[in-house]
Structures are given as C-alpha cells and as structure tokens.
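Heads up, the next two complexes both have subunit A, just with different partners, subunit B and then subunit C.
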Partner chain A sequence: MARPLRSAGWVRPVPALTVLLLAGPVAAGLAGALLPAFGWMPALGGNALSLDPWRRLAEWPGLVAAVRLSVVTGLGATAISLAITLLIVAALQGTRAFALVTRALAPLLSLPHAAAAFGLAFLIAPSGWVARAVSPWATGWERPPDLLILGDPAGLSLIAGLVVKEVPFLLLMTLAALGQVSAAQRMTVARSLGYGRVTGWVKTVLPAVYAQIRLPVYAVLAYSMSVVDVALILGPTRPPTLAVQIVDWMGQRDLSLRLVAAAGAVLQLALVLGTLALWHGAERGLARLGQGWAAGGGRGRGVDKVARPLALGVAGLAGAAVLLGLAGLALWSVAGLWRFPDLWPASFSARHWQGQSRGVLDAVRTTALVGVLATALALALVIGALEAEFRARARPSRRFTALVYLPLLVPQVAFLPGLTTLALIVGLDGQVVAVTVAHLVFVLPYVYLALADPWRAWDTRCATIAHSLGAGPGRVLWAVRLPMLTRALAIAAAIGFATSVAQYLPTLLLGAGRVETLTTEAVALAAGGNRRLIGVWAVMQMLLPLVVFVGALALPALLFPRLKGMRA
Partner chain B sequence: MTRPLLTLALAAVLGAAPALADPDPRNWDAVLDDARGQTVFWNAWAGDPRINAFIDAVGDELEARHGVRLNHVRLADTADAVTRVVAERSAGRDQGGAVDVIWINGDNFVSMKDGGLLFGAFAEDLPNWRFVDTEANPAVLSDFTVPVEGFGAPWAMFRMVFEYDSAAVAAPPRTLDALRDWIAANPGRFTYPQPPDFLGTSFLKQVLHMTVDDPAVLMAPAEDADYEAITAPLWEFLDEITPNLWRQGRAFPANEPALGQLLADGEIDIGFAFNPGRASAAIADGELPDTIRTFVFDAGTLGNSSFLSIPYNAANKAGALVLANLILDPEIQAMAQDPQVLGFNTVLGLDLLEPEDRARFEALELGIATLGPDELGAALDEPHPSWDTRLAEDWVARFGVAD
Partner chain C sequence: MTLELDRIAITRAGAPLVALSAHIAPGEVLTLMGPSGCGKSTLLAALIGALPDAFALSGRVRLNGQDITALPTEARRIGILFQDAVLFPHLSVGGNLGFALPRQTPDRAARIEAALADAGLNGMAERDPATLSGGQRARVALMRTLLAEPRALLLDEPFSKLDAARRAQMRSFVFDRARAKGLPVLMVTHDPDDARAAGGAVVDVRGAPVSL
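Coming up: the complex of A and B.
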C-alpha cells in the first residue's frame, strides 16, 4: 500500500489551487472596487480616502429607480423561475412530457443568455412576430402599435428574458438533487397514503430537494439582479439597471467616473447580499407556514387536474418562446425587405452573411480559443480536486462546494471592474490570457457542478479490482476511471465551453475591447437594433456551443465504438 | 508554475516596443518602408454594416498597395477608444499602445487634442493633402470650432438630413415650427436617439441652432454664455413635443442604427442621420422601402467632418500614416461617395484632381433618396464641444429618468 499513497502526492495541492483560482480573482476584484469606492486609486491620482465617489453616485438622478429595478427584476425572475421549475417537476415527473423536457435541457443550457434574449426581443416587440401573426386581421394594425414592450420601465421584458434561461438551469439542478434525496421512495409512500401527485411532492420531496438546490437558487438571484448583457437587450434605459450604468461609467472618457463605478459596484454587492438575506428570511417563514400545512394532512388530489395542464402550458410556452425566437433570428439574418405586418420576408439575401463572414470567422476563432483553454484548465482542476478528495477518502466538503459557488454568488459587475483595473496596472488587460483566467472563474464552477455527481457515483469496486491487478492510483485514474466517465467528462466540457462562449462582461472588461468574441460583438450590435446583423451574430453565438454539445454527446460512441454503454 | 508565470510577466513588461523615433510624413518613402509589414488597429464605430464592409475593402487595398495589414477594432461608441488611450496613459504605457488610428471628431477629438493624447501634426504633410478642398469644406480645418492643426486627417463630410416616408408624409416639415406642428398632428411617429448618444445630442444642437437669437454664442464655450437663457426655448420645445413622441417619450432608441430600424419597421415616419447618402444605400440594400426620401431645414442643418487621428502612444504610427493617406486617395474617396457603397461626401476638391480621377466622381449617380449639392442648403457650424457635454447632461437630468 505504500506505493499508491506516495503517488497520491500530485493531486493533493489541486483543491487549494482551485480555491485560489476561484477566490483569488473575486477577492482581488472586490478589493479593487472597495478602495476606489472610497477615493483610493493612485493611478488616477486618488491618494486620500474620501466619500466623494459616494456623493457623486448619490447625485445620479437615476439611482433610486435603478436600485429598485435591480431588486424587483432579481426577485421577480428568481421567484417565477423557481415556481415554474417546481411546478414542472411536481406535476410532470414520470410522464412522457417530462422525458421530453429533460431531453431539451442540454441544448437550452448551451444557449447563451444574450442569444435567447435577442430571440425573445424579436418575438415580443411591437413589430415582432407575435404582433405580425395577429395583424392586421385581428388587431387592425397596419403599422406596429405604439406600445412600450421592450425596455418597459418595470423590467417585465427583462424578467421574461431571464426566466426562459434560468428555468432550464434550475431544472437541471433539481433533477440532480432528486436522485440524492430518494424522491421516488418518498413519492411512493406519499401516493400510497392517498396524496395527490403535486401535493405529495410538495409536502414530502420539496423540503429535501430545496435544501439541495438552495445555492443554485441564490446564484440565479445574484445573477438576475446584476446581469448586464440581457439588461442591455431587454431592459429599460430611463434609467438602465444599476449594473448597466456601472459598466457605462467604466467606459467613460472621464476616468474619475471609474471611482463612481466602484462605489456603484460596492452598492450592487450590498444590494445582492441584502436581497439574499431577504430571500433567506422568506425561506424560513415559508418553511414554518409549510410545516403546519403539511401536518394538516390535506391530500390535495384536486390540485393535479389544474397543475398538469398548467405545467404543460408553461413549459410549452417557454420552450416555444425560445424556439420561435431563435427561428426568428435565423430568418432575419437572411431577410431582404421585410415590412410590417408581413409574416414572412418579401425577399431573401445572403448579403449580411457574406459581409460579416470575415469578422464572424475571426470572432469564432477567438471565442473557440478562449473557450477551449478555459474549459481544458477547468477540467484539469476539477478532475484533480475530485481525485484528491477520492484518494484522501474524504467526504464532499460543504465549504469547498460553497467556495466553488462564490463566483456565481458575487455579482460579476461588483468584482470585474476592480479586476480590470488590476490587469491594466500589470499590463495584462486586453490579452487572451487575462480573458481566459477571468472565464475560468465562471467556467470552473459549472464544470464542477456537472462532473461532481457522476464522479462520486462511479462504482469504486472498479478501482479495487484494478488495484488488485497491480495498477497504482495514477493508472486507475487514467486507464479506468476517466475512460469509464467519458460521457460525463464530455458533457461537463460542453457545459464549460458554453459557459465561456456566453461570457459578456469578463470578455468586455478584461479584453479591453481587443479580445472580440461572438458574444461581445453580438451585444455591441444590440443597441443598433439592426435585426439582420444581430441575426447573423446571434445565430453563430447559438451554433458554436450547440455544435460542441452535439459533439460531446457523440464522443463516447466514437471513442469506444464496440462498447454498448457508450452509445448515446 | 513559476517559470511560465515569470515569462508571462516579462512578456507583459517587454510587450511595449522599445522607443523608436516617430515617423515623419515629410519623408514619405521612409514612412512607407517603416509601415511595410505592420498591422494597423483602426478603431472605428461599427454600427453600420456598409461602413464595416468599406473598411474591409480599404484594408484589402492597404495590403495590396503598401503591404500593411488592417485590423478593424469594432466600436459601439468612439469614446471607448479614447477611454482606452486615457487608461493606457494613466497606467504609464506611453509606447506600444493598442490603438493606432481612431475615426473621430467633435468632443472626442477636442478632448484628445487638448489632453496631448494625439500624434501630430501630420495631416497637412500627407502626399494626398494637396487634393483636399479646404475652401469648400472649412470644417476640415476647424472641428466644432476648434482648429484641427493637422492632428486629424479628414476623410468624409457629413450633413444632418431628415429621412421620411413619402407614402405617409405628404409635405415634409422644413422648419422647426412645421416639425412641431407635424409631431402634434402625428403623435407617436417621431423620436430621436437618447442623449448622450451623438446623434441624439446633435438633434438638441440642431433645435438650439433654430431657437437661439444669434448662433455666434454657440461658437464660444458654454460656460461663457448665459446658458439658462439660451437653452430655455430648447427645453420648452422638447417639453412640448415629448408627449407626442414615439412611445410618448417614455423610451428612446439607443442610436442612429436603432432610429433607422424604427423607420424601416414603419414605427416612425420621420428619422434623421448624419450621412446624406444613408437612405439611398439602405434602399438599395432592401433595408428601407423605396418610398423613403430626405429633406433638410430651410435654415440649414448641422454639418461636420470626420477625421482619422493617431494616438500619441500608437504602436504602428507609420502604418497609421499610410492608412490616413490612402483614404484620401481619389479612388478610395470615389468609392466612399458611391451610393452603392456608403454615399459619404468627399473632402476632395474635384477641380484639384486629375481628369481621370474627376471622371470617377462625375460617373457616380446620386441615389434615389439623396439630395443634390444644390438641394442640401446651408451647413450650420457645430457649436463648441462644451455644448455637447452640457446639453447631454441636462437632458439626462430632465428626461433621463421616468417619473
């Protein structure tokens, strides 16, 4: 046994290194926001602590509205996404529709937020497909109605755009959790006691599942409150959300506004923390109320009759919105003249694809380079960390999991501006290296979330057999465990790659405009509203991760054509 | 891990090229020699696919003629490039900067020139400067009242023109009062981009030009003028039209392409742009219906010039000079003026050209929606850049937050 123990050495520092790579940039970035927020930024001549940035922030006329918008869209998007997710799982679990929903998850997850938001915008705008479909025969609209739908001051479009992307994420997390809380047995008992499907699920499975998905829900809340790209596409402009305004200040010629941006970033962090605390309090309140309700023993069989069609309707609506939106993007990218209220373009043209081909190909190359680098690094670190946990025979550490979630819980806009300033000072801004490291901070958590469960579920008796045949731990890892986990590794890599492709803010800020990916280019076009151009870029933004996903699903069968278990 | 990190840090420190003597455009052959093999990073607003295609075509020509490669850094806002140079200077990167050329004018140009952030003076020493018509186009010498002094090479003349759908608007409003009445009679069919966007701020300046007693006050810094009194009629005008704007003035398009899209979608009937040839080019591309036409105010509209400037710390100054000269080449200027390509007005004087180059311009058709030189009316001078800043800030305070 002495040999295997000695060779366990190389993976031992990996968990610490992983934590350093995740928490390091977040901590450095937060420090880089906190100091300038109080006027300390020697590069700009700020050497004394002062409250001046805060005074200027307070003087911004849009502050109150922007803060309200951040809180309302965050809470709204999270509550609605969570409700839809739970409704779908509670009402549809075990049905054919549910299998369909599960299968649609992977491509939906690989879809960048911005592409989904563009698609939705094309659909619901007053000149969009929905209005065209009912005009003029039903509405009498010969011209697009003068309705404020996109960028409405209440942020409703923004909430809708977030919900269609957050439901798939929460669904995936819930599905993973179901296996860990023996949901099937709980349901069998509840059903045998005469509970309705939905009521039984909510009373017996939900409390256990919610404990498992709490961190993902918090991540959704933090993300929804501080998202920039979706808010640029669907959010209001008078004023914009706080996060959008912070990015705007970061890009202003007057560099002293970066101090105001830093104060805004600290405020955004405080807002997210405060809202998370509020949500946590609401959880406890609901739990207390729920205990009484569960103990009351109502079987709630009637609920199913309403809940099932409702769940089907909501899932169908969300799916259709995304699909039609994407179809609309693709159609606009090849449309010639397409006037309202025509449902279909009057002419088609490949001109925009031809005109953009050079820029698109450059962006695809950069996007793929950063995505592959970040994903490869993330995979290596996650495998190392999981293997270290396995060799130390440790149980999954809660603290490690919480640290992995850190970059998803701290708003990007709170720590990336500070990180950008640091990169500028050491001269790394605008380099692919800086962008890759920033992407890694967000890619790693998703790769970890995707890989940890299959890794731990692997039958360790395979290792015992390999050991008994004389293989050391290294050989077991390379020759047995990794090949057996090909499918999980491929999917984790695809999710990591999709995460990288979707990153807007890290690319924009650390790339200093010189590292141009599909997402930064597409979002830069958003303000212009040129649908044909946006169509070209958004279609590419959607295709690249999708191709990788399809490849990942096909990979196991390609590598091991003779193994039945590797076939998709 | 240490060695790669160290190498990385070293590379970052040494990434800045060693100090070379700046190229001198008076010794043009040496400039061409230095430039060969360089890649020039041209930072240019990228909101219009036609402009992007033109820049690509210029890049092909630059490589074919001079062996210089062109990289178009696509900007959503020109201020982004200025910010980058400012940030580089504050971080001490005085050489090897990332921005080689900026398409620039107005307050961006003035702030860079005043801040000592520009390389120059170079423009008047370029070989092709001899073709530039400085008499017919005084804006190439004085940008927003500030003397250019060779710190920017002009490359296109711009005029604000209104674009309208002749199928919906019988008689376009050619005065500010007529526009006010038209908006009142056609609620929801007019809007302007949200300041501080440059086109939106330009609309404010156009209105200010029409409401001020003596436009001469606009040529001096806003701080020196009786700002409140001078701008009061402007805000009065905006207060009056706002309830009848598109979306009742509760939302505004982001910029020029967004405004053009509203016109294309039939959401508004009158828009405006700074490129008199935009409408014709967009019609040719099937993006606007062929009923769109353009008009100007009887009293004139704002006119200005666009420049190429080179930051003081640009890494590839010789290549940047070659680009600035190439874009003044009669062949490239004629391509830019072609309504099928861009429809930009040239800065060159036709009488200064060789006969075969003059023929290139004379062969161009105007385009279905473009006004002829005699129909464009008077070009109004751009106010001092301080008015841009002040008007935009004031607009945000008055209209930037929904009540």
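Coming up: the complex of A and C.
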C-alpha cells in the first residue's frame, strides 16, 4: 500500500464530463453534416442516401477557387505566423524589445479577430490611412484609387489579417514551451561553442520547442483554412472562401441548400485533414534535413546581424498595423466630414454613437451574459478536471490534452452547421443556452491552456502543510490553492471571456439570428461598408474584452491589497 | 505521546530504500542522518501519509498506540516543518496561524496573539508574511504547526536555510517547545550540529547508529 486511500469526492467525474462536453458537440455536429451530405435529412424529406448534394456542390462555379483559397490562406497564414513567431523569439529573446513584446501579448490576445480585421481593413483600404499618407504628393491620387486591395482574389489581405492575430497566440504558446525545455541552458551550451544567437536557437532549442507547440500550430492551420468572420471582412467575395459560402448556403431560405452546405462542410473537413497531413509530412522532411544541418557544425554568426533588425522590423510592423488599425476604427466612429486624402477628419460627431447606443447596449448585455456563463462553466470544469488529476496524483494526461484541442483542430464550419440542425430538431436553436454551450466548446480549451501550467506549477508542499494542519482536500482547494492561484484564475477567466466575445460562427448559427452579440452585429455591417457605423461596433467589440482583461490583471491587488506575495 | 515506527520499510520498484524500527518517547528527538537521496525525506512523507506512488510502504506507524498507517494526512495530527517556512502568501501572519487553529477554539485572536508573543513576534498578526525575515518566517511556521495541536513533530532539515547565528537560536526554540508539549520529534538532517543540539539518538535510514 503506497498511501492511504481518500475519495476523490465531487471532482472524480469532471474529466469525463469535460471530454463529453467537448467531444459530444463536435461528434454530433460532424454526424449532422455527414448524413445530410449524402442526402439523409428526414426533416427535409430526404430519406434515401444519394450523391445529389455532392453533384450540386460540384456544379458551384466557385468551387475550385474556393478550395485553392482555403489551402493557400491556411498554409500561408500558418507558415508566415510561425516564421515571424520563431524569428522574434530566436533573435530577440533576452533583449528589452522582447520584454516589450511579451507585455503586449495579453491585450493583443484579448482582441477579437473581427476587430483586428476591421482595423487592418481600414488601414490598407484604397481610402485608408496608408493610401492617405502617400497621397497626393507621391501617388497623385486625389480620390481613392480603384484598386482591389481588400478582398483580393489571392487572399493576401485575408492572410495578413490572420497573421496579426495568430502571431500573438503562437508567441504565447512558445513562451510557455520555453520554460519546459531548459532553453536557457541549451543556449548557453550552443553559444559557448561559438554559435550565433539565431542559429544556436534554431539548432538546439527549436526542435524541443516545436514538439511542444505542434498542437497550437495545427489549431492555427485549421482555423486559418476555415475562418468565416475574418474572411467576410478581408477575404475575396466572388467567389468567397469555401467556409463563407457554406454559411451563405446555411442562411438561404431554400432549405435544400442545407444539404449542399453539409457536403461543403464535409469537404472543408477533408481539406483541413489533408492539409494537416501535408504539414505533418513537411515537418518530418524538414526535421530530417535539419538534423544533417545541425550536425554540420555551421556557426552562422553572421545571421544575427540580419535577423535582429528583421525581427524588430516585423514585430514593429505587425504591432503598428494593429495599433493604427484600432486607432483608425476609433477615429472613424467619431468622424464627421473626412475627405480623401486628408489624414484627419475635418469635423467630429457623436451622432453614430448616440444613434447606436440602444442597440450597442443590448448587444453588450447579451455578449456579457453568454461570455460570463460560458467562462464560469469552463472554469468550473477545468478546475474540477485539474483537481481530479491532482487528487489521483496522476501525471498530466496527453490524451486529455489532445481531446481538449479537438474543437480547435476540427474546423468550426465543419461541425457547427450539423450541430445547428440538431438544435433545430430539439427546439433549442435561437436560445441563449444553445449559444452558451457552443461557446463553451471553444472557451474551455483556452481556459485549460491558460490555467493548466500555473496550476501544475503550484507548490504542492502547501497542500502537504495544510493537510498536516488538519485541513481536508476540500479546504485545501478552496482556502489555499484557489486563493493562491487568484492571478492565474483571473487571467484564464479573461482569456475565456475574450474567446467567447470573439465567437462569430457559433453565435450566428446556434443563435439563428436571434442572439445578437457585438461580434455578430459588427461582422454583419462588413458588407455595407459604412465606416462610421463599423467603427462604433468594432470599438465596442474591442473594448469589452479589454476592460475585463485590465480588471483581471488588477484583481490580485484588489483582493489582497497588503500581501506582496500575491502580486508576483 | 509516543511515535512508534514498527518495522517500517519503503521500497522503490522493489529496491529497498528505508528499513527502520523506532520508538520515540514524549519530548525525545530521534535524528535521522544520511546523504541526500538516501530516502530521509521519503520516510517523512510516508509518516504523514503523502508518499508518492512510485514508492511502496510496509510496516505500521503508531501514535500513542493508535495505528495511523491508513489515515489520510489531515486525520493524523502530525506536524511537519520544511527547510522553507511555506507560509501561505494569500493570508496575513495572523491568518496563517488562524488556518491552523481548530475551528471551535474560543478566543481565537487572543490565542494567535499569545502564540506570536511566544515567538517574539508581538503585534505582527496583520503583517504580510512576504515582509518577514527568514528567522521570523521559520518561527511563524513553527507556531502555526503547534497551534494545530499535533501529537508528533517531523522536521525536514528545518534549520539548513538559516544563517549560523539564527540556526542555534532556532534549534533551541524548536526543541524547547517540543519538549514542553511532550511531543515526540523525528528530525532529518545532514548537519551534525543539528543532531548534537537535539541530544537524542542518531541513526541512518537502516536504523544503524551514526557516530557524530
């Protein structure tokens, strides 16, 4: 007998429940796409299996372009985001610029994709700040040029919009991984052998770090291939991306188009799986080449001279694009008359804020309600699952982590249409409950990613001491562990809330147009192109999670104003 | 109160690590010495019921004749002090002591203040533990352990992080109070001075006497 047996208590079933709540909707949604894709949808009178939906999908003239777009934007956005992330870490780690970059990460992470995309769109549009800054003196443009920059058929602006949001995510994941692979030691060894900073990092640290960030990279790839809201704002329109077209079919009055949408969803899933396999194969090839390269002994000291300024430039450019974009959104929301090519509005007006105030406040209420509910549920489940792991004295389960990633690896557009159909059948569509459960599927993984490391890094001697003082497992959890982890819990909650605020597709589909959040309303304005209106909604969409983030960072000092140990 | 280790044996993957029988009388200190990694701390973990799964334990642990081998940590009433004080950072000094004091204790504030006075820390109940010196933290940790009314005391190299001057003070502070309360003490250390100050028997993890 190794130790006295103690009942795990209420937390014992939580890991299984968590997996069920994550995998259940994904599996049900995929089934709900697979069956209609082959014509089986009794609600619409489809009782016989047929290939008709596939035939109609193949007849869509945009199919080839949409498939190409999905693969190109996915691979492009992922490769560029990963390259920028690794360049920044390899070249800048340990510098003051790096400390600045790390501090900017948390607020950047809380920024919804749609708000970042709108900001970028306002910046690079033919009538945006970039064009204004060089007109007319350099370009001769007296009016916005007739250039297809936004929604270019190659998807370049879509890739740019994805990159500015995925780099912060991958950076955060890389930073977390660095601590686990003794990166500093490896670098000391490499540099004492005469290796340059960047070459040394790539040869000694990257292989270990990449193994740790592989799942996040796959999540970025799956997301970039199938994103809907960013594609609606920055992506091409004729034809749109496959994901956008699927959502369009889902919303048509002709219900038979839902069968075509289901076939499209299955195709999207197959595309993502195929591209993930391609990426995985490329990883192996590169790893094999890399081994020979690393063993070749090249010190690459000259690389640093180029890599440092390059990393600084890229990080600065990405940061400036986001900041200027957001500033542009805010300025447009209060702009009166603003002629091209003026850099600044000629007059200001609060008219759009006043006109939208009622709608905005309603949307804030709904957004906050869904966000708080989904975050609270996710926190409870994640805490329960981690506590169950602790009480069972189990090692972190790799299978559990992989299952938590599942909703991030299966494209939203592949399983949410099917899930919506199921909600429709049981009469839950358009209800806050359905939207909250759908949000939970995406909020929970991020809450888990944010909380798991600090939870496991907690000094378990505190539990031993508390037990030896007579405290049972419940008291250790509530009176010792949770209060000590206040900071990590608050940040995890803020990340969860921001994830919920940013959700477009689950809100749109499960909400059936009746649950209106800041994100669904803002994205709905994209096609209209009224910049002042978009400015108002996008600013609110950006502010809500930001306010929560600032509150989360301030929480430990508010709760424990006189305890220094709680602020670290 | 007596602490009895009845043919305690700890193995790891079948390999024997600790094999020890001992009878520690009230107020007596048994010192366990040996190089790091020999299983000293593992034995303490076993005695409080927090042995990692990689180890297997046989034998019985008795406190005042009661077999406590199968009890969870919180039901054993064995106090433990580590080389770090491990004060809870989210509680004030008084809060840390209050955490240990049994719930139904009357006059909690007075008891806490009395414990602080006993440790030469008068009026420090509201202090942030992060602002205390190493010696002060060690004394708070001891008072916290004693307020939970333990029936035995385990010391895991509790003086090794203190500077030389404080170490002697803290040793007599701990041993005096354990003796006054009649607690059996098991101390793990690799410092011969600790063992000399304790004054009791000194053995290694196999129960063989160690000469200082």
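The working rule: the second predicted complex is superposed on the first by the 560 of 568 C-alpha atoms of A that agree within 3 Å, B and C clash if a C-alpha of one lies under 4 Å from a C-alpha of the other, contacts with A are read in each partner's own complex, and residues count from 1 in each chain.
Following the convention adopted for this analysis, a residue touches a chain if its C-beta (ideal position, glycine included) is under 8 Å from a C-beta of that chain, and two chains touch if they have at least 3 such contacts.
These numbers come from a predicted model, not from an experiment.
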For subunit A, which side has the bigger count of touched residues, subunit B or subunit C?
B
Partner chain in contact with A:143 - subunit B first, subunit C second, else both or neither:
first
Which partner does A:252 reach: the first (subunit B), the second (subunit C), both, or neither?
first
After superposition on the shared chain, which partner residues are touched by A:564: those of subunit B (first), subunit C (second), both, or neither?
second
Please indicate which partner A:479 is in contact with in the superposed arrangement: first for subunit B, second for subunit C, both, or neither.
second
Examine A:469 and indicate which partner it touches, taking first as subunit B and second as subunit C; both and neither are also allowed.
second
Could you tell me if A:433 is touching subunit B, subunit C, both of them or neither one (first, second, both, neither)?
first
Quick check on the superposed pair: does A:302 touch subunit B, subunit C, both, or neither? Answer first, second, both or neither.
neither
Would you mind listing the overlap between the subunit B footprint and the subunit C footprint on subunit A?
none
Under the stated contact criterion, what part of subunit A meets subunit B in this complex?
43-44, 61-62, 65, 126-127, 143-144, 146-148, 151, 153, 236-239, 251-253, 255, 336-337, 339-340, 347, 349, 351-352, 355-356, 358-359, 424-428, 430-431, 433, 512-514, 516, 521, 524-525, 527-533
Quick check: in the complex, which residue numbers of subunit B touch subunit A?
8-9, 12-13, 15-16, 41, 46-49, 52-53, 56, 72-77, 79-84, 86-87, 90-91, 93, 98, 108, 111, 187-188, 194, 246-248, 250-258, 260-262, 265-267, 285-287, 289, 396-397, 399-402
Residues of subunit C defined as touching subunit A within the complex
45, 48-53, 55-58, 69-74, 76-80, 82, 84, 86, 88-92, 99-100, 102, 126, 128-131, 144-145, 148, 150
Subunit A residues touching subunit C in their complex are 1-6, 393, 459, 461-462, 464-472, 479-480, 483-484, 486, 560, 562-566
